[in-house]
Every structure is written in structure tokens, then in C-alpha cells.
Amino acid sequence: MSWKINTVGKKSDIDQIKNPVLIEGLPGIGNVGKIAADFLVDELKAVKVYEIFSYKMPHSVFVNEKNLVELPSLEIYYKKSKKQDILFLVGDIQPIDEESNYEFCDTVLDLFEKHKGKEIITLGGIGLKSVPEVPKVYCTANNLKIIERYKKGSQLNDKIYGVVGPIVGVSGLLVGLSKKRNIEAIAILAETYGHPMYLGIKGAREIVTILNKKLDLNVKIEDLDKEIKEIESEIKKAESMNTKKLQSSLKKIKFKDTNYIG
Amino acid sequence: MSWKINTVGKKSDIDQIKNPVLIEGLPGIGNVGKIAADFLVDELKAVKVYEIFSYKMPHSVFVNEKNLVELPSLEIYYKKSKKQDILFLVGDIQPIDEESNYEFCDTVLDLFEKHKGKEIITLGGIGLKSVPEVPKVYCTANNLKIIERYKKGSQLNDKIYGVVGPIVGVSGLLVGLSKKRNIEAIAILAETYGHPMYLGIKGAREIVTILNKKLDLNVKIEDLDKEIKEIESEIKKAESMNTKKLQSSLKKIKFKDTNYIG
Amino acid sequence: MSWKINTVGKKSDIDQIKNPVLIEGLPGIGNVGKIAADFLVDELKAVKVYEIFSYKMPHSVFVNEKNLVELPSLEIYYKKSKKQDILFLVGDIQPIDEESNYEFCDTVLDLFEKHKGKEIITLGGIGLKSVPEVPKVYCTANNLKIIERYKKGSQLNDKIYGVVGPIVGVSGLLVGLSKKRNIEAIAILAETYGHPMYLGIKGAREIVTILNKKLDLNVKIEDLDKEIKEIESEIKKAESMNTKKLQSSLKKIKFKDTNYIG
Amino acid sequence: MSWKINTVGKKSDIDQIKNPVLIEGLPGIGNVGKIAADFLVDELKAVKVYEIFSYKMPHSVFVNEKNLVELPSLEIYYKKSKKQDILFLVGDIQPIDEESNYEFCDTVLDLFEKHKGKEIITLGGIGLKSVPEVPKVYCTANNLKIIERYKKGSQLNDKIYGVVGPIVGVSGLLVGLSKKRNIEAIAILAETYGHPMYLGIKGAREIVTILNKKLDLNVKIEDLDKEIKEIESEIKKAESMNTKKLQSSLKKIKFKDTNYIG
């Protein structure tokens, strides 16, 4: 297998993982999924338990806020929450090509089955041609039952046919490949502006709100709202600068210790 | 081998497959081949007998009309028809690269030989710079005899040299690789408008008409004509909308349960 | 090894191959090398002795003048000539990527060594921004001695440093990899117009003239001149047509039974 | 392993290599790292000890100033200097893709560990939108201690977060992968003009100045200054010519026997 999972968490943490829900949020359209998942990992103080490594990652490194080099990361965090255990699949990158994407997803699903995982939620964005006022959140899944469960009492819209084209990358494949293993999986996708420089924070906020409610996470959405305000003021300042400065300024925007790919 | 064929049909169906003709229609120029093959599978109520899977497929999933996620599909359907048995090779995608295309075709040819297949017909489009009034249908093959057989009494034009450039993908390779195994194979290609958003339904119609006659299929071309009318009215309506809506509208056009890659 | 050499010539032919010179002419800038090598194969009535096949070729087929499909070809022809034996490496394509190019060249060099080959000549073009009146012919090699031998009494210019950038593909790699095996190899490159639709026949003519003299080939350059005239008149006619017709017309230009990639 | 290291130096040289510092300078932005490393190899009369070869290199050859063909090179030079042993990793190219970049770096790190290497310095450029008057030199590393050591008494700026995006290729990966082996590694990056034709000689000069001091190399910066003057006059002359001549002229600029990729 071209993907290697390294255990970095304490044995005691890992041993108690029980029927977890897996939430995936990797880079993608507007980085919506990544922003939402990173925020949850941070707010819930989830613990890193696994690092995933492969030669099938981008051949570049990031400079973090300590001015140190970091290899591209794909990591799994663990949170024992009130309602149930949660694993978060987060990171800086997507696998480099088609084949390595399939291999990566099957590697993650093997781990998920080892922990007798319950269900999978993948997060992502739907790129619009303009900034949505209040982003709508859609879902699709490999099974009607999981859609019903997540729709119940939430703003999730399941009339997604014709709204999105193919769902590219891990968010789509995880759901598709789960079906072959009889794992229920749902993709939750929020509208965002499709511009490559746009950060889909508002879309991420809508997703967090839904997950917060459905999974009884008890995170403070206000923390995210505060971050959104800070970022917007940061951007407003940056807009009066030239493009180069704007880019640099946007690069400095982070959700805790995660860097965004420019 | 990087391609795996999974048997999904009943053993009783598969056991009776006898010297089948294989008809291939996968995505390509104007989706002409796909439209024609999907229509025949549907009209003839052909039965799915095989699914083909590999990591060498696009790393994306489709949302179907039930709002559920589906992995890219490559499937073989079976129809016992009056004149002879037919296998249909249909699907959403082409293999991702050169090598996987060769591997895929050889995997299909192995299966074809296992069933002591008779001959192979691949379907496709020839992209023009404008919409053809009545699309001409050309053929080329790995053998003059099969050309003569299919030309006889049909509108097939075999003066294709200089009309097409290289034939890319499964439609071409299946014919080329068949020769190495002494399998007669013909490619039937209809003119269509080369624009990436254009659906080559009229070209597909001409191909269906020829196959209907040559293979005694007894399908009602009027059903296809009706679908063409519906789609044209759908498009006319869509044209008064903006491009985004048009795209979305075109995505909803389907031949039964098949989605088109946008 | 990903490249397979199939023997298609008579054993009696192959057994008598003795210390051959290998001349390579595959598609490239202006197809100069391909045109020159194909012309020589034809004029010298060289015999096909090997076909080379791999999944590392473009996944497309060509339609030949008999309206039949042909897989991409990579072939070796053999000619016993007055001065010495010659093998011609000709075909429709180059291997698809970097790695397969290296593998292909090493496969060819293994065969060359099996026949105790003497030296290697690769042919190609140097793309200019306009049509050269009389194309100059340059050479470079893996060894100064072979340059001296081929320069002697010919119009070959060996002051090529700074005239060309990297030499991409088989013409370059064969020369470079030969050095590791202590095989003398020279690349002979003629100026041509760098436009993708331009056929470098005049450049090819200059190369043929040099090889004719240095290798005592005794081919009639007038035959090539006649072909050039025909093609030029063909093109002049075509120029009064629209672009599509011109392309189609250019596609019909062939040197015997070889098709050009559009 | 897809990369093969061939020993080309004398056994006596190789046997005495002791706890070397490895300095890497391969092609990249403005070729800053390559220029600096090539200059040092030349000034210090370092000896070639290893050649690295693979099919995962560009499939093209270069023509050197002797008008001879050379395969792309990746080489390691050795210099016993006053303060400590140095290995230089230099060459014409970077590995062709993501996976081969990881494989290459791990191959180099294996060799480095075999020689009980001390630390690694990678060199590169930071592309600006205009020519910097006096290029600033930044650093990042896999460890704060090595940053402190190199900053002490030098002009190195370690506030690089937000100044660069991802560091692509060997310069970044070597630092990132070193961390997994507990090897201290630092990347030293000088500002340069980001234009693809611009040679980052001034940035290279700043890097050389820093290394000269920190590693007690005792090279004459004036030699590099002289070369810079020559090149600038060369370019000034070239600017009055047409673009083609300019390119050709720039190609002739070399640091000893190294060719630049155009």
C-alpha cells in the first residue's frame, strides 16, 4: 500500500476509540471542508492520534508560523464527545492523482473499520459565481437513511441532483467507496464563492452549525463568528494594498496552526 | 491486472451468453457513442451482468437523480436478441490515462474471448465545427470483411481516411487491439458538433438506425425521436436562461439512469 | 520491461544482420527525422524485421489509406546496403512519458547490442521562427570522433552549442544513453519552420543528401524532390480552401503508407 | 529504489569524507540555488564523487560547450574545507514528478547518513515581481537551533512565514524529510526577479557571501562579482538584438561547464 498510517497518539487514547463517526475536511473548493473540520478539531481540543504519509503527496513543504518547515500533513484527530466518539481526517493536501486518491481512501476506510466506525461525514464546498449571502448547505450520500437522519431538524437540503457536477477528490470517493463496504456515508457541501482566492468561511460556518446540532458537539459558533469578523477586517485592510500584499495577508489567515495552500 | 470484473448478473443469464457481438459506447466526442449505447440498453431492456472497477478511474463521484452518490461506472449489459446475443459496454467514464486504457481494453477482450465473442462494434463521434443537418455515419475497422458486411444495405460510409484524425480512447483501441487476437472489430462514428457542451443525439440516432437494421434489434426509433424533441425544447427553454442554468438544465438531460459528465 | 520487441521478419533476414548502423527517425519538430527515415526505408526497400509494442504508447489508433485502423507503430526495418547493414527505427509516435522514453531507448539499445551494432544516427529538426530558405544541418554526438567522421566531406555543421536547447525524446536520449554503453551515436538535426502544421520536408531532404553520401546509399534525391513539388502544389491548392480542408489535405500527404499525427 | 548512485570518485577521496555538511543547489526559481552551488563547486575545486541516475529524469539531453550531448545530471561533489567536509548536490534538473522527488530525496538522505553527515543546507530563490536592488536572504529549517546557528553574525532573516508559499521540489523536501531522521536541515532562500528568463545571480551572490562566512570557505566573492559584470554586459549587448538572439546569448552564459535549462 502506498499510504502508511503512523500512530502518534497515546495507546490509552486509541484503545478507547469506539464506533466513531469519521468527519473528513481536506482542502477543496473554498477550503470549506478544511475550515469547518479544522475549527472543530480546535474547538473540541481533539487529540492527534494518527499521521498518514506517502510519496503520493505534493512534493513541497509549508513554512509554519514558527518559521519552520513542515511536510504536507494528513492527520487523524480523536474526540470523545457527549453523544459519540469522533475521528477527524484533516490536512494540508489531497493525494496527487486519481490512483493515489483511491488508495488513500481505502487506507482510511481500513482504519475506520478497524475501529468499528459507525458512519462517515465528508465536508466540502459548492463553487458559485458570486458570494452567497447565506450559503445553503446540501447533502448527498450512499444511502437514503443517513440523509434522512441528518436532514431531520436541520437546514440540510437533499435536492442536490443537478446542483453539483462530479464531486472530485476524497470527499466524493470516501462516500462512494464506503458503499462497497456497507458503511453509511454522507457528504455535506456548503455553497461558497468559486474564486480561487476566496475562503469559504461562511459556508464552513453553516456546516459547523449543522454538525454542532446533529452531533451535540457543544462548540461555540460565536468563536467562529469572531474569527470571521477578524478575517473580514483583515481582508478589508488588505484590499487597500496591492495584490501581492493581499495574498501575503490572506496567507497569514489561519485557523490555529494550519497553513493554507496559496 | 489493474481492472477487476465483478459478476453482478445471474449465473443463468451469464451461462447462456453465446458468441455475442460486443457493442461499446463510452463518453467521447458529443457523447455520441454513449447516447446510442445507453438508448439501446434501455430500449432492449438489457440486463447488467458485469461491473468493472479499478483505481485507474477518475477520482470523482456522480450524484444521481435519487440524490445519491455513485462511483464512476463501467458496466456490461447482456441482451439475447432475435438475431444474436449482444453485450453492451457502457459507462460514465474512460480510463484515466494511456496505459490504463490499454489495460482496460485487454481486460474486456479477455472477457469477450471467454464468451467466444463473434465481433466488436465501437461507437463514437466525429466533431465538426458546426451542427450537421443530417449527420453522416462513417466506419473503419481492423478488417475489410466486417466493413463490407456492415456497409451492405446501410448508409455507412467507409471513405473515412482523411476525415478523422487519430481515434482516441476505448473506441479506437478496442478495434486496434482486437486485430492482434484475430477478432473482427468495426468502429461506427457519426458526425456531430464538436462543441464540448453539445450532445450528439442526432448522430446517435443515425447510428441506432443502422444498428437496428443490421442487427435486427427491433427498437422503436420513434422513442429516440421523442427524446430528441423533449431535449430540444428543454434546451430552447434553457437558452433564455443564463449559462449556469443552461448547464444545470443540460445536466438533467439523461437517458434513463445515466448521468453525463459536465 | 514495459517494451516488447516482436520479430516479424524472416529468420534468414535477421540472421544476416551484421554490425548495423541504426538510423532513428520518429515524430518530432516538423517531423523532419520521420520524413527522412521513412523516405529512406521506402527508397531502399528496407524490410520490416521487428515491431515494438507497449502499453506506454498513445491510447489512440490511426486510420490508414485503406480506411483500416492501425495501432500506433514503432518498427525496425533492415537494409543490407553496399557499404554496410542498416537498421531503421521508424514509427508514428514517441513513448508517452519520461520514464517510458528511457525504457524504450534501453530496449532498442539492447537489441542493437545483440546485433553487435556499429553506431547510431538519430534524426530530427531544429524549429525556427520562419521557413528557412536552405535549411542548415547541424550535428551533435556523444563522442568527437563520430562527429569528425560524419563532418568530413559533408555540409554538417558541428557548432551547435547555443543553437539548440535540450533535445527532447528518443533522438536525444538514444545518443545520451549510448555513451553509457560505449556506443558511438550522433544526432543529425536540420533546420525547419517551427509551426506545428509545417512539414519539414526540405530539412529532411538535406539530411537525406548527407546520409546518401556518407553511407553510400545510392538513393535518388530527385524522387524526394518530386514529392516535395507535389506536396507544395497540394498545399498551394489547399491554401485557397478553408483551414479545415487544409488540415485534411495535409493529413493526406504521406510518404508511402505512413500517417502523420495531426 | 528508482534512483541509482554511481560512485565516480576515487576510493581514497570517498573514504575520508567525514561528518559532511551537504549543500544542495538544483534548478529552481531564478536558478539561484544552482548558481550559488555551482560557483562554490568551481571556486573550491570540489571533486565529483557520485553520479545519480534514474529513468525519473526529464527525457531530454543537453548540448554542452564542446558540442557534445550530455544526459541530465545529478551529481555530488566533495570538498575537504578548513572548517569541515562539504558535499555539494548539484545538477541540471529536478526529478520529474512528486513521487520521484520523494524517492530522490530519501536516496540522498540514505547516502548522507552513510557518511554520518552533520547537517543539510538547501539553496533556492524567492520570486519577486521586480528585480530586487539588494536581494534579502531568508531562511527556514526543520529545527530552531540550526536557524540560530546560521543567523548568528549573518544577514539571514528568519521571519519568512507569509513571505513564501510552499517550497516546491528538492530544496523543500530535503528539509522536511530530514526531520523524520533527526537530521538538522536549513533552507537558505534569496530574493530574485521571478521572470522565467531572469538569472538570479545577485541573489546567489548574497547566499555565497553568507555561506563563505559561516562555513569559512575562503572563496573570493570578487570572482563572482566579475562574472556578474560580464554577464550584465553580455545581456546589455543582447538586449539590442532580437529576442531569439537574447535567448541564445543567455544560454551561453554558464558557470564553468554547466548548462541552464532554457
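Just a few scattered comments:
As written, the chains take the letters A, B, C and D, and residue 1 is the first residue of each chain.
One rule holds for everything that comes next: a contact is a pair of C-beta atoms (placed from the backbone, for glycine too) under 8 Å apart; a residue touches a chain by one contact, two chains touch by 3 or more.
All values reported here derive from a predicted model rather than from experimental measurement.
Between chain B and chain D, the least number of touch steps comes to 2.
Where the sister copies chain A and chain D meet, the same residue numbers recur on both sides for under half of the interface positions.
Once the centre of each chain is set as its mean CA position, chain B and chain C turn out to be 37 Å apart. Averaged C-alpha coordinates put the centre of chain A at 53 Å from the centre of chain C.
Contacts with at least two other chains are made by no residue of chain A.
Within the complex formed with chain C, the chain B residues making contact are 95, 97-99, 101-103, 129, 140-144, 147, 158-169, 172-173, 175-177, 179, 185, 187. Against chain D, the residues of chain A that register as touching in their complex are 55-71, 96, 244, 248, 251-252, 261-262.
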